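Everything on this sheet refers to the single structure shown next.
Chain nomenclature is as follows: A, B, C and D, assigned in order of appearance, with residue numbering initiated at 1 for each chain independently.
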Amino acid sequence: MGDSRVVLSSAAAIDRLVPEGTSLLAVGGMHMHNNPMELVRELVRRRRRVGRLLTSPSASLAADLLIGAGLVEEVATAYIGFEHLGLAPAYRRAAESGALPVLELCEAAIVHGLYAGAGGLPFLALPPGLELSDVSSANPDHFRTVTDPFTGDRVLVAAPLRPDLALIHALAADERGNVLFAGAHFTDRLMAMASKTVIVQVERLAEPGEIAAHPGESVLPGFLVAAVVVAPGGCLPTASHGAYGYDETALRRYLRLARTEEGFEEYLQVNGMAPAEVTA
Amino acid sequence: MGDSRVVLSSAAAIDRLVPEGTSLLAVGGMHMHNNPMELVRELVRRRRRVGRLLTSPSASLAADLLIGAGLVEEVATAYIGFEHLGLAPAYRRAAESGALPVLELCEAAIVHGLYAGAGGLPFLALPPGLELSDVSSANPDHFRTVTDPFTGDRVLVAAPLRPDLALIHALAADERGNVLFAGAHFTDRLMAMASKTVIVQVERLAEPGEIAAHPGESVLPGFLVAAVVVAPGGCLPTASHGAYGYDETALRRYLRLARTEEGFEEYLQVNGMAPAEVTA
Amino acid sequence: MSIAIAADYSIDELMAAVMARQLRPGEVAIMGAVSALPQAACRLAQLTTAPGLWFIAGGSGAVNPHLDPLVASSCDERLLDADVVLPLPDVILLEGRGDLIDVFFAGGLQIDAHGNCNLGPVGSWRRPKLRGPGGVGLPFASRAGRVVIYSQSHNRRTFVEHVDFVSGPGFRAGSGRLPGGGPSSIVTPLCTMDFDPETHLARLATLHPGITLEEVHEATGFTPILPANLETTPAPTPEELAILRRLDPAGLLRESARS
Amino acid sequence: MSIAIAADYSIDELMAAVMARQLRPGEVAIMGAVSALPQAACRLAQLTTAPGLWFIAGGSGAVNPHLDPLVASSCDERLLDADVVLPLPDVILLEGRGDLIDVFFAGGLQIDAHGNCNLGPVGSWRRPKLRGPGGVGLPFASRAGRVVIYSQSHNRRTFVEHVDFVSGPGFRAGSGRLPGGGPSSIVTPLCTMDFDPETHLARLATLHPGITLEEVHEATGFTPILPANLETTPAPTPEELAILRRLDPAGLLRESARS
């Protein structure tokens, strides 16, 4: 095995591993933290379209940018927003115009669905009470009911989530693709375990022995990782746990510009995501 | 809340929290590692009977001792043995005589079942292929089939596992019951998350700030823990990750003695588990 | 609606104090996004009325964050300065257990008289007037011991007769299947409400200092039940304010007062 | 059965070398309890025929343990000296994914001609002659790319026509539902077998040096298919032996030779 092939540039990673029209793309991070922005920007530069975008339980800039750039045919999500900074402008525009179908999920359907995907479980029965929200009625393809064979009750079940591709961020990785997270890793490990192909964006390469020194849940083994992209500062303007906080000024600038389509295009231009800037 | 009540002697913990005839008792550790022996010995001293014993995916001395002492009405397990040291003598005797009903499980049914218990999921659909083993046919109360509402396939499902009480071992805990594991924590965290009442045996109290310094999966929050029992060396003769290895000589001595009922009784006498030694 | 009840505390500080007083020793509370307010309330409660309270700060997985200082984002790395930190998938798993979470803090772009909350589509589901961000974990409100609803705005867009989409289930007309205890109170910049035990409909409980019944009616899209005695919400005590300001040197809870 | 094929290597060393040669670069292998032998085989393969091989050491969760030194228990803390360590629940989760595990090492108290393995009850299920410890994760053998069966004893108690209880599913008569690739080989102290592609029945592949066909027949409770050419298992090379002995200073793989 040429292990050296694991560490790639973002351009090479996207080119080799992200076919046009990926059916189910999962993107990691939570809120304005650990969004794999360098990989997302590369998708935008290449105008690489995806069939369905699956977000983490709470998505932010990464999802809004992909949606704003018109690269997402439909989105499966439980939240896209910017917490105290405001609503997601591109998501709002696309969903309110009816252009973007929204497949409603809740965090339980995402986390248990990824668990099912990682474990080869055919579906996941959800705790009673979740059927009282309108999430399942609004997304009947994803939620069904079955009779619990132990109690005879009707219970809500969710489909497994098995992304074709996941883009996630971590602190560091080694040349074999072993990954080390810092701070909170949110649902990113689980997302990686459930996904057929995983690209991990990191701040830096790991020191020798650094990953082995962190046994347990803050790591991912390289056999789950197809490519590592080293991108220092690559989460900005979102935060990178273990490295830097989010850039509130830059996020507010995005939120202001992205209120209009023209402003959104300007944001892409100013931030190196014009189509002309593809350097393949 | 009188938080000081969390740290108890093993006698007080068993007295207060383990009613005679606990319906489902889960015991942690894997193989000859992290068996919560001090708690188990206390159960034996008190001859506290349990309805059903649920083991971790691979149980060893803790299970064999409880079974040998005649305290277990039935056992739900995927493995009781001593790896390279040999088979489990008391378990063999009880199961081969027909005195002990064995409810066959596999590691998937245990781990996914505990996941279901921790999450309030009504049941767990298992990956296709597991129905080819005889585990599910041998334990029809625990395994059923349902029709997958997404594919129409018949799939095997397992019941959730929701122990009334779990006995587990960890390296350290603080006075509010927050727990820190060392080394491998096997399925013990999951077992604790799924159980109504949890007693944790530890080597020592945690240093101030020690638990907070280990974010992530090597910890348990105190709201899951009913009692902490400080028992240095309390896993012996099994290993305690982060503290000591298993005592192979002592384990071999147990295996030799426990071959007969008389030898087993002698082991109890010699190791402070005669009924007379209860000091309640 | 701009509110300045008194010069010496902000409305967020009042709300934090009110929410803190609803918490009891040893309980387990959980909150989601945009949760500086319930976080401050929980920390305040730990230091006053509810010693031994546990609280889980949203997506961070932090259990009992020290809030040194209070931060705006629920996933801020500074929250990991906490008693214990759980992986997020474990938090989401345990939310479903059903016997662990005593208090669930919820909110919404729309909140109705049955305590249903909507953070999803406002208007039509397929082509909403306002596409809200989404409910994240609000469906788990159905399984908690009780649900404390809070909203930093109180107007007829937010407080409606019926939500357009149920993200967080409250008491729904005709359904008795709620496995948890359901909504127990609503805390707003104008008042507090509880729920009538018979009808499960929102009932006015207290008016904040300086707020009139008419102002509440005018700002509310449903007609809350009136209690026998309508009292005034006790203002934050000097002790409560001192604690809140120590937690919040940046003044996150005083932004509305400043702006 | 006491076997001493040659003075210069033990039968376990031969078996480790044989198992190592079946592994390919970049594959992912997994093993369960009492697994010093497949662990040694995997580490040997990493250093010889299968660079970049990944292996998960049973209950420890260790991925690519450095085996410095080789240890007897699959949960020994020393295994955590590894490239990466996963929590055990994640290992068990990923075993089910179905497209990750290329090689599953299995064993049993009983092994039959279809490659089914039994670690549970021998004899009647309810009142067994021998209560085996249990199959742990053996049902997952059904989902792996291929299953390598190994047994450190080769006699008619172990190698039977039909197992009394299927812990690890092999090719079962009349069933075509195996989602994984099924058993690919059996490695014993006497010989290696593979599986006939048509009948899915065990077929003798090689005899270990000094072992006769008659000895195998005598020790086997089913009649293995005979191949066109029955070759002799190549003995461990000096390089293989040097690596194994460096990994195993305590001589875990030479105990049978010594005893």
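Definition applied: a contact is a pair of C-beta atoms (placed from the backbone, for glycine too) under 8 Å apart; a residue touches a chain by one contact, two chains touch by 3 or more.
What you see is a predicted model; the values in this text were computed from it and never measured.
*Asks:* Hey, what chains does chain A share as contacts with chain C?
*Replies:* Output, common partners of chain A and chain C: B.
*Asks:* Between chain A and chain D, tell me the centre distance in angstrom, where each centre is the average of that chain's C-alpha atoms.
*Replies:* Computed from C-alpha means, the inter-chain centre distance equals 39 Å.
*Asks:* Report the inter-chain centroid distance for chain C and chain D in whole angstrom, where each centroid is the mean of the CA atoms.
*Replies:* Here the centre of chain D sits 57 Å away from the centre of chain C.
*Asks:* Using the average of all C-alpha atoms in each chain as its centre, how far is it in Å between chain B and chain D?
*Replies:* Going by mean C-alpha positions, chain B sits 28 Å from chain D.
*Asks:* What parts of chain C, by residue number, touch at least two of the other chains?
*Replies:* Answer for chain C, listing residues that touch two or more other chains: 61, 80, 85, 87, 93, 96, 98, 143.
*Asks:* For chain B, give me the residues that contact two or more of the other chains.
*Replies:* In chain B, residues 108, 115, 119-121, 126-128, 183-185, 215-217 touch at least two other chains, as defined above.
*Asks:* Could you list each pair of chains that touch, in label order?
*Replies:* Applying the touch criterion to every chain pair yields A-B, A-C, A-D, B-C, B-D.
*Asks:* What part of chain C is in contact with chain A in the complex they form?
*Replies:* 33-34, 36, 59-61, 72-77, 80, 85, 87-89, 92-93, 95-96, 98, 119-121, 125-140, 142-143, 165-169, 172, 175, 177-180
*Asks:* Touching residues of chain A toward chain D in the complex: what are they?
*Replies:* For this pair, the touching residues of chain A are 1, 3, 115, 117-121, 176, 178, 193, 196, 211-212, 215-217, 219-224.
*Asks:* In the complex of these two chains, what residues of chain B are touching chain D?
*Replies:* Where chain B meets chain D, its residues are 30-33, 57-58, 77-81, 83-84, 87-88, 91-92, 95-98, 102, 104, 106-108, 111, 115, 126-130, 132-135, 138, 183-187, 189-190, 217, 239, 241-242, 245-246.
*Asks:* Considering the complex alone, what residue numbers of chain A touch chain B?
*Replies:* Touch residues, chain A against chain B: 108, 112, 115-116, 119-128, 144-151, 153, 155, 157, 159, 183-185, 215-218.
*Asks:* Under the definition above, what is the set of chain C residues touching chain B in their complex?
*Replies:* 25-26, 28, 51-52, 54, 61, 63, 80-87, 90, 93-94, 96-100, 143
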